[in-house]
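The first chain written gets the first letter, and so on, giving A, B and C; residue counts start at 1 in each chain.
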Amino acid sequence: MSSETSRMKFMCDSSRCIQCFACSVACAEAHDLPVGISRRKVVTLHEGVEGKEVSVSIACMHCSDPPCAKVCPVDCFYIREDGIVLHDKKKCIGCGYCLYACPFGAPQFPRDGAFGMRGVMDKCTMCAGGPEKTNSAEERRFYGQNRIAEGKVPICAAVCATNALLVGDAEDVSAIYRKRTSSRGKGE
Amino acid sequence: MTNHFGDVVGHSKAILIIGANPAVANPIGMKHFLQAKDRNNTQLIVVDPIYTKTAAKADYYLRIRTGTDVAFIYGLLHLIFKNGWEDKEFIKKRVYGMDKVKEEAAKWTPEVVSDVTGIPTDQIVQTATLLAETKPATVVWALGITQHSTGTSNTRILPIMQLALGNMGKKGGGCNIIRGHDNVQGATDMCCLADSLPGYYGLSEGSWKYFAKSWGVDFDWLQSRFASPEWMNKKGFSLAKWWQGVLQEEQTYSSSPIRALWVQGNGLTSMSQTAKIQEALNKLDLLVIAEPFLNEAAVLTNRKDNLYVLPVATQFETEGSVTATNRSSQWRSKVIDPLYECKTDHDVMFEFAKKFGFYDQYTRAMKMDVKEGELVDVKKDFVWPDDAVSEIARTLKTIGLGGWTPERLRKQQENWYMFDPVTLAGAGPMKGQYYGLPWPSWDKKHPGSPVLYDVDVPVNDGGMGFRNRFGLEHDGVNLLAAPSVTVKGSTIKGGYPEITRENIEEVLGSKLTDAEKQKIGSNWKTDISGIIQEKCRAAGVAPYGNARARTIVWEFPDPVPLHREPIHSSRPDLVSKYPTYPDQKNNFRVDVKFISEQQAREWVKEFPTMLVTMRVVNLSGAGMLERSSKYLSHLTPEMFANIHPDLAFKYGIRDGDMMWLHSPQGTKIKVKAQHNQSVTPDRICLPYNFAGVMQGVDLSPNYPEGTKPYTTGESSNTITNYGFDVITQIPEYNAGLCRIEKA
Amino acid sequence: MKTIIVFIITILMLTSMAYAAESMIWGNMLIGNILSYGTKDSLNMGPLFTILQSQYFRNIFLVIVIGVPAVFLMHYLVLGARFFSHDGKKVYVFSLFNRLIHLLAAISFLVLIPTGLMMIFGVYFGGGPLVMTARHLHGLATALFFLAVIPMFFFWVADMLPTVDDIKWIAIFGGYLSRKQSEVPAGKFNAGQKMWFWIATLGGIVMIATGAAMYFQDFNLGIASAFGLSQIDLLRASAIVHNIMALLITALFITHVYMSLFAVKGAINSMITGYKEEQELKYLHSSFYRKLKAQNKI
């Protein structure tokens, strides 16, 4: 966890995800998001089709080489030492390019102002706030809670009913997942 | 639950989930089934009329026709007996009446079962084989099993199968019934019911006398509170049919119509026959509603007067113990003081008692305790909730709550991290206790019983045999466990009866002193002195006996469970073969129609589509609480019905179109059609969590200012069909018919 | 004018309200979008956009906004401007309606191009409210341009159709590479103006369409499926097309400005007064001049 190469990652085990929306709702509640904006979404494929239905929870994956940061015309993205990809809402101009570049559809744009124009981008912060002073009122207003600074797990993973959603250092997460899948079907 | 979630994770090799959708109704419970799959390659079998979120995680999914669970289980039993897969030793030593079950099962060949249930024969054979070969296996169910006109038979046939397979009293086996809401098990244990005193004591005079003594009040005084003494021992109206007490359309048996209704902590709009409930609410003289969120019963009625809404505190504003689905208790602390002018539930009840002049009697037992074998006053004032919990612990002996003292529960709460989630066993200072002290926790030293009926564990460590509940013999057969079934560590070999004042010396082989003889109660259930419990502990004996489980309930209309077609059956050809019960006289003070309703018409001709109800994950109960949350209500912005595209297009209904659903009772609701493959074209499925619209009429104007939730909608219960269980009178929510019409 | 402004604002409000519904990009399409990102069977729009935007667009724009004016500066210094007598006769060539529409288009371009460049080089402006405002002005100016482009297209399209003169004009580069005052073959509009016209109108409409797609983002008009694209891929394609087209338009806009303000002194007057110098017509639009003469319109 403390190694220099440690990178924080999310991982959703679709064999565990039951589409309960706890992650999505807890996230919206924790960060006081506008209704309809979900930093984390739960999507079900082949809903109701026997043997095919799969659900998965998706948000910003905090990529190692994030395309959003590459295409941003105002360079509002920055990557923390632990790999969490954050952005500065004071720099963002709401152009939408990050959404086009993102493979996961993570960036979204709450409407803003009197004409309902598209505002600045909002996305999952892995509960790590933003560039403002940690745990300041301003950080809270723009980015929601900074649970990481308080030593807490991101709220989505904390509330996951079935432990489908894993978060933490990439190696730890993959170790947990590997253990799960390797014992699956063995009956050890 | 006979076992617990951790036990399923640790030991179950197969899980049969029938009539339950934990992925939606109990996601935390669902985690354990998924963990079992991951850790032990546990096979998950899901039986449901709908391809649910739980089914989506199953290894085997069986689509059953609604209301045919008994037939399905007989199909499994048929194959189990035919192939000799039953646990013969277990049945011989610990079960009574299995031969009668075997006789009935002989009729249910896979072909017959397939015809009745709609499940293909190969899936029936596959499931039976799997359950026979994979042990231990556990059975999980919930309201999909209980909420039927045959609910009692359903809940009996499943444990019977577990007995036949020898899965009872085993780690990883048992019957694990999931309670959907917080503290439902606790409410059940307290018997918030019309037919029993707390702790399943029933309404007999002996029970009343025991409670009078335990509450420190005079029995005659208690009796004088009733209109006449006979009512004391008669069941009240049930939640399912209380409205008949008001409307009196069917024959009722009561000293007076119901004139006032006090609703506290109950989603009245989530009960069936909402249209009747509406009529009854309008006709009452007085309606009081006491809830944290507005109960939509207040909106359902159009009454302008004599309707009072009292604000009651939430769970976060009060303190006490709650009981989890696996019979374990947890202490819960108060987070904040009650907000604004609301009061906690108990304060509301205390105020009520004061106004009616019985506050002293009401609270007296909290100031008492057992000293030297006798219940005496010990203090001037009581401490809430500790003294209430102590009162419960010392009074409710039937289910062994003796160990649930507030001190122990608080200590467990503080040290919860010292318990193992799979075994529930504590470590360090908590060593020798199971988490939550799952009942029976006979006395203050008992660790709790994580797995019921396990004779391989000493009684004082949580083991026991089956309860000696139904006498010593029936039809000349000894109902006690066979001589070879000795509970580990017990001084008594083989089965033994429940312990009473009369038999204690003989059964335990010890002499009572004269002082003890004076103080001892008549039996273990009413022994306030605790002497019986003390002697039993010394002998390693469960005070309730060590007997056989019975598969025949000779007092019931069906001594052995029988398949009976739903009252509104989709298969009229099967109705004559498997008719429902005769009409019932006076159950819970009201007559109930069975056969007359079933045969009134060939319902399926006019109402060709099966009606199934379901829960949605973001809403619970009547849904008022969750629909008041902007984020939760956003997930299901309006009431809908899942309908197969093939069925929908038959009526020209596109995805998102509105449609009317008509019920045999003449009621109708207007809901949005949501095309969905989880239902087959012969059935539709509705969530039951909406209210605020009634048969097309928007009730928005009835909401007091600021109380209207973000979403309202038709209640599915407006069209759930008439039908009630023959014993418990639980409504038939899950097997009915309807007619679809494009709106 | 007031009515027009109110009209524009109303349209903007209505459209943004209509599109404020939750986007399908984050709904049912999400999984499909994720799974198809950068796969072999996909159009590879995501990675393509990422590479173009991160490595090429900004640099090419830099070349254009510095390079094109630099070339013209050289031209100006080496060959100088052209002068035509302002004392001679004037010919009425642009009606008041022509001029007003052109003015509208001119104003919108004067907003669109700088604000567009501000977004492209947003990082040097520090992003934030300033560039955000530029983005909104860009959208607002588009509405103005939308009002101008349609009439403009129709009243000039006939004169803008290619003729033999255009080939000759291109062959001698419009005579701009020599100091000699000779008659250049051209109708009412020369080949260079025609090129600008087509790019500005048809290209402009493409810019409006792609820009609107990106601006509204959550539209759901079956547009994407009509193109056989997913909505997110349509947005990506829009961004790519918008940027490439913008390069062209920016380059030609600079040219247009240079020609009308510097290369031909006083040329802009015709768009202000409606009159062109007879001399200017005679040399730079010789065919048109002869035609007018023949019709006795001069």
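Going forward, a residue touches a chain if its C-beta (ideal position, glycine included) is under 8 Å from a C-beta of that chain, and two chains touch if they have at least 3 such contacts.
Predicted, not measured: the structure shown is a model, and the values here were computed from it.
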Quiz item: What's the overlap between the neighbours of subunit A and those of subunit B?
Solution: none
Quiz item: Where the centre of all protein Cα atoms falls, which chain's Cα centre is nearest to that point?
Solution: A
Quiz prompt | Mean-CA-position distance for subunit C and subunit A (Å) | solution = 40
Practice problem: Express in whole angstrom the distance between the two chain centres, defined as the mean CA positions of subunit B and subunit C. | Solution: 73
Practice problem: Pull out every residue in subunit C that's touching 2 or more other chains. | Solution: none
Quiz item: For subunit A, what residues touch not just one other chain but two or more?
Solution: 36
Practice problem: Name, in rising order, each residue of subunit B that touches subunit A in their complex. | Solution: 13, 23-24, 27-28, 30-31, 34-35, 37-41, 51, 53-57, 61, 617-618, 630-632, 634-635, 642, 676-679
Exercise. Please name which positions on subunit A make contact with subunit C in the complex.
Key: 36, 38, 41, 43, 45, 56, 58, 67, 70-71, 73-76, 88, 90-97, 99-105, 108-109, 111, 115-118, 120
Self-check item: Contact footprint of subunit B on subunit A as seen in their complex
Solution: 15-16, 18-22, 25, 28-29, 35-36, 46-51, 53-55, 161-163, 180, 183-188
Quiz item: Which subunit C residues qualify as touching subunit A in the complex?
Solution: 9, 12-13, 16-17, 20, 22-23, 25-28, 30-31, 33-34, 37-38, 45-47, 49-50, 53-54, 58, 119-123, 125-128, 131-132, 134-136, 214-215, 217, 232, 235-236, 239
